[in-house]
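Heads up, the next two complexes both have chain A, just with different partners, chain B and then chain C.
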Partner chain A sequence: MKFEVMRDRLLEALNDVMKAVSSKTTVAILTGIKIEAKKEGIYLTGSDADITIQTFIPVEEDGEQIVQLTQTGSIVLQARFFNEIVRKLPTNDVLIEVKNGYQTDVRSGKSEFHLIGQDANDYPLLPQMEEDQSFTMPAELVKSIIRETVFAVSTSESRPVLTGVNWQIRDGELMCVATDSHRLARRSTKLENAPADEYNAVIPGKSLNELNKILEDNSEPVEIVLTSQQILFKAGNVLFYSRLLEGNYPDTSRLIPSEHKTLVVVNGRALHQAIDRASLLAREERNNVVRFTTQGQNAVEISSNSPEIGKVEEQVLAEQIEGEELVISFSAKYMMDALKAIEGHDVQIQFTGVMRPFILKSVHDDAILQLILPVRTY
Partner chain B sequence: MDWQASQAPERQPRLVAQLTRMIQSDRLSHAVLLTGEQGSGKEAVAHFLIQMTLCENPQNVPCETCRACRLLKSGNHLNVHSVEADGQFIKREQIDQLIHELSKTARESGRKFYIVHEAHRMNASSANALLKFLEEPTSDVTAILLTNQPHALLPTIRSRCQQMTLQPISSEQLKQQLMEQEVTESMASTISKMANSVEEGLALTEEEEFGLARRGVLKLMEALERGTAHALVQAHEHVIPLLKDKEKAERILDLLLFAYRDIVACKANPGSDCTFPDKKALWEQIAMRSTFEQLTYQLEHIMKARRRLHQNANRTLLMEQLVIELREVNAGV
Partner chain C sequence: MSERGRILFHLDMNSFFASVEQAHDPSLKGKPVAVAGNPKERKGIIITCSYEARAYGVYTTMPVWEAKRKCPSLLFVTPTFERYRIASQAMFAILREYSDLVEPVSIDEGYVDVTSVVNGADAIDLAKTIQSRILRELDLPCSIGIAPNKFLAKMASGMKKPMGITVLRKRDVAHVLWPLDVEKMHGVGEKTANKLREHSIHTIGDLGRMTEKQASEVLGQHGEKLWRRAHGIDSRPVDPESVYERKSVGNSKTLSFDETSKPALLQHIEQLSGKVASRLKEKGYVGYGVHVQIRYHDWQNRSKSRTFKEPIYRQSDIEKHAKKLFLELWNLEPVRLVGVTVQQLKEPGEITEQLTFDSYQQVAKEEPVRNLVEELQKKYGKSSIQKGIRIRSKGSSSSFSKDFLNDHNKEE
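After this line comes the complex of A and B, so read on.
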């Protein structure tokens, strides 16, 4: 393998790939990144077993020569060292050459590194992805779907399947659900070019967080390819593979109450700020619990009381209150997470009783639904 | 750890043949418990089992050339996970992590495997966490539990595994094999009693401290003949400095135990083979003047010292006391 490449392009590609490489892996080959020189360009691959990121540097782009390929081939190099070396090379032209087996020379200007590589055949193979089960979405939409659901995944490993987000495609609609069994976040999205078959998979929350960091906030299309073993997100020259969680995701549709006894419509941002303030005194005590009380037809009171510290009360004006009077307590953190996901608009909260879960939605559409279990207090 | 699959057919021929038949007819259980003494080749058998299953074109042995075989040998196969005790126990978090890892889809083709080394080191909480996963594995997962103390495992775990027992290598065989590796006969006799495999035995011959321990114990045995004071001096000079940690101290007590075993064996049957053949004359001399009762008394005291060692008794005092107790018999108690 021998090629010359522009340092800034290599660095840019390396940056994305490095996000997948973990220093904690037990498998030696995964501490490296695979470099593959093919006729069409250079592929870089990094992986931590859960996620795999592959980037591509084309030989030519916009009429500009980026890679000068002399000989094709592949090698695995220690990720940490290679990344640092490329970062600190003196000129913008980098020559990479593999000779006598796995010895790799990295040259730039007058500086020359000799690295010992590993056999690229030992690197995990990327799964074969059938293109027919796929659909596209703009990057910003993928990002907002992730942001609106992934915070609700479970952090405890006792039920592994709950550490992921359930993606379900049925009737041209993508339904994403995350729950840690105390709260639930659900986001549905209409797909324009949904695949014909139904699809159901659980994607690890950690993978989605990483994906969120890699995707840029723009309207470039992201192609999503689905298989039973892995899911692939294609954005430009970056491919992001993630493993899936096995096991059946619990059926959450039954948990969501269909009717309500009390309906409150309130400005999301105002409520968020009031709860944030009330939780200041609640922080230490009893898991951030705050109390929510309806007052007449157009106000709610947010309060919190810690005997040792003091108490706080605040009134928030409501657009509308219907149904029974209500006093309910819940975790301030869960409520703030949920309000953040709905983002600022007027929020509609539907209660079905003091000890029953309640749901939050935007007044404008039903796409986002947040469900929270209240806390019993006396 | 090195991949040891290729050693398995040689070390456990019968079990390997049985496993091969089971794999070929697809009758292998989803959980296997391999029990066998330290050094009987549990890892080798576990590795063989995995390689045999994952190999792309196995005959009666793995092909050693396909991608799966190569990855396994270099330790880069992503479908194989293992857990070892972190300190004294295999902790709950380790099992949780393992289950979390295994609940994700496989990266390479074929089944997923996990090996729990020294499975008896699981504490109650981790054993119960694993039990749940053993009962309802999420997909194609095979568990391989290794232990030399099957009875220290929860009965509920044992009952969910296909249990297989490895044959320990006989001490006579071990002695012969060691002598083929140019170990002297007297050393080979001692080591064949202490070690369970040729590798372990050879490692012992290279360990300077083992030679010192053996010599120290024999010196002490001679000194015990000459009087309590002599014995105490010898103990302080040659034995106590070697009691640096629990394992080493345990080894010295074992050597001492084998010395008394030799004496009993000589008394019962003068032709029997010894752990220390080079001292046979001394053993016969002691055997002549001791009664079985006296020897039993001495053996019991060594066993008692060994138990107290595990209760973290002061090792110097322990040794001194033992020397005095061993002498008491001669004084006519």
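After this line comes the complex of A and C, so read on.
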């Protein structure tokens, strides 16, 4: 294997692939990155067994030559060292050559590294994907779906299936749900080219967080390929594979109240800021609780009280308050997460009782629904 | 308040339970008396004994059969806790006549801050007055330590028993305390002593001669605290309120034989969890930690605890966590004693519980009651009605020595 490549293109591809490489892996070869030089270009692959990322650097792009291929071939190099080396090479031209078995030379300017590589045949193959079940979405939409749900996954391994986001396709609609059993985030999206069959899978939250970092905020299409074990996202020159979580995701539809006793419409950003301020006095995890009190028809009071530190009260104007008066306590963090996901100005909050879940959604559409369980105070 | 300026008493009743029994029944006076739970059972141990019994080599925690062998004339008395409670209250009432700053530590000991009551020279006279009043009015002996802080006062009261009065000044520390075994130091238990011995620290002086940093490397924060105490430094105030700051509620059970059966042990854990839950309920507390203790057949003590984000007070939660901790801790050796404790208690009002999708329906059932309570409180004032969790229920079994502190609450 021998080729020359522009350093900035190699680095860009490496950056994406490194997101899958973990130093904690139990499979030794996965601490490496697989490099394959083929006629059409260079493929880089990184994996931690759960996530596998492959990037491609074409020989030529828009009439510009990026790779000069002398000899095809493949090698596995230690990810951490190779990445650091490429980052610090002195010029933008990099020559990579495998000689005498697995010895790999990396040259740039007057700098020359001799690395000991490993046999690329020992590196696991990419998951096999039948491509009949697939659909596409713009990258920016995939990113916002991730942002609006993934924060609500559970961080505790006690119910592993809750550490993922449930993706369900039915009747031309993609429904994404995440819950840690204290709050729930749900986002529905109409698909323009939905697959024919129904689909139901749980994607690890960690995979979605990494995918979100790799995808660019643009309207380029992302093709999403579904199987029962894996999900594949194809975006430009990147292939992102994720293992799916095993186990049945609980049916969450019954948790969502269908009626309410108190309805509050409020500017989401103003409420977010007030809660952020109130939580200044309630930073400790255990006491990160604020109280929400309706005041007549057009104001709510946000307050917090820490016995050792002090207390805070703030009034937020409401556009509308209907139904019963209400005093309810909840986690400041959960509320801020939910308001951030909805993003808009006009947020509708539907309460059904001080010890029952309440709903947040935009006044303008039902695509995003956030559900939060209150905090009980004694 | 400067360290030098303070004058603190530590008062320690001498073999309290036995002395109360001797005061109650004068025919026991001058004789070897032991208070023991149930002298007939194998597991019976000496709770406390009179000085006459101690002369025969009988000591607290000694098994009954062994005590009988050491002292065949030993008279056994079963404990009458109500008697001890009344005597304790009378003793603290006398202390409160001299200062408002009285901090009960347990049923038979407490600190008194007399800084603003006497000047230095008169402190010994005041101690003598208190000691002779307790002897004359209650017929009970005690020892008093006089020092500028709690640690030194506690060490001083232990130096002369019975009926001692000992003054311990900071300048006495090096020649009085430093020659003592480090285990004699208040705050050093068996485990800490073992750890210190591994580092060749055998006397309080060995500890004092280290640097504070070295002490901290061996024992962490606790090491720093002990190091300062070895130098006679202790700034803890005498806090009359500390009696109300209950830190844990726990129950333990000595088994009638050394148990090895897992189902049987788990059943004991269940029972203990139930007792702890009902005591918590009676006091209206919840905790954030669960602690499990095992004493093996060879008196090896092991314990394990865990902290939770959500408050622990339901029997089912205590049971679940205690069983899990027990199974993680138990090495399958025969077990003599098991204990379950809920720690990190919080007052109602400071407590919050994040509801979950699994639990909220159960909790929501209470909503109508809660609404009613709030309505009544609005109408008739806060104290007119309270939620059931704070109402005292009768007949819950409670650990006497831990609950006596409630007496100080009732007096208010």
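In this text, the second predicted complex is superposed on the first by the 374 of 378 C-alpha atoms of A that agree within 3 Å, B and C clash if a C-alpha of one lies under 4 Å from a C-alpha of the other, contacts with A are read in each partner's own complex, and residues count from 1 in each chain.
The rule is simple: a residue touches a chain if its C-beta (ideal position, glycine included) is under 8 Å from a C-beta of that chain, and two chains touch if they have at least 3 such contacts.
Being a predicted model, the structure only gives us computed values, none of them experimental.
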Partner chain(s) touched by A:V59 [first = chain B, second = chain C, both, neither]: neither
Touching partner for A:P374 - first (chain B), second (chain C), both, neither: second
Partner chain(s) touched by A:L255 [first = chain B, second = chain C, both, neither]: second
Which superposed partner A:G353 touches (first chain B, second chain C, both, neither): second
Which superposed partner A:V289 touches (first chain B, second chain C, both, neither): second
Contacts of A:A49 with chain B and chain C, given as first, second, both or neither: first
First, second, both or neither for A:M6, with chain B first and chain C second: neither
Those residues of chain A which chain B touches in one complex and chain C touches in the other: none
Complex contacts: residues of chain B adjacent to chain A: 67, 70-71, 74-78, 96-97, 99-100, 103-108, 138-139
Chain C-touching residues of chain A, taken from the complex the two chains share: 179, 181-182, 184, 255, 285-287, 289, 307, 329, 331, 353-357, 373-378
Of all residues in chain C, those that touch chain A in their complex: 286, 288, 309, 348-358, 360, 363-364, 366-367, 370, 387, 389
Residue ranges of chain A touching chain B (in the complex, touch as defined): 27-30, 49-50, 121-122, 124-125, 157-158, 160-161, 163, 204, 228-230, 243-247
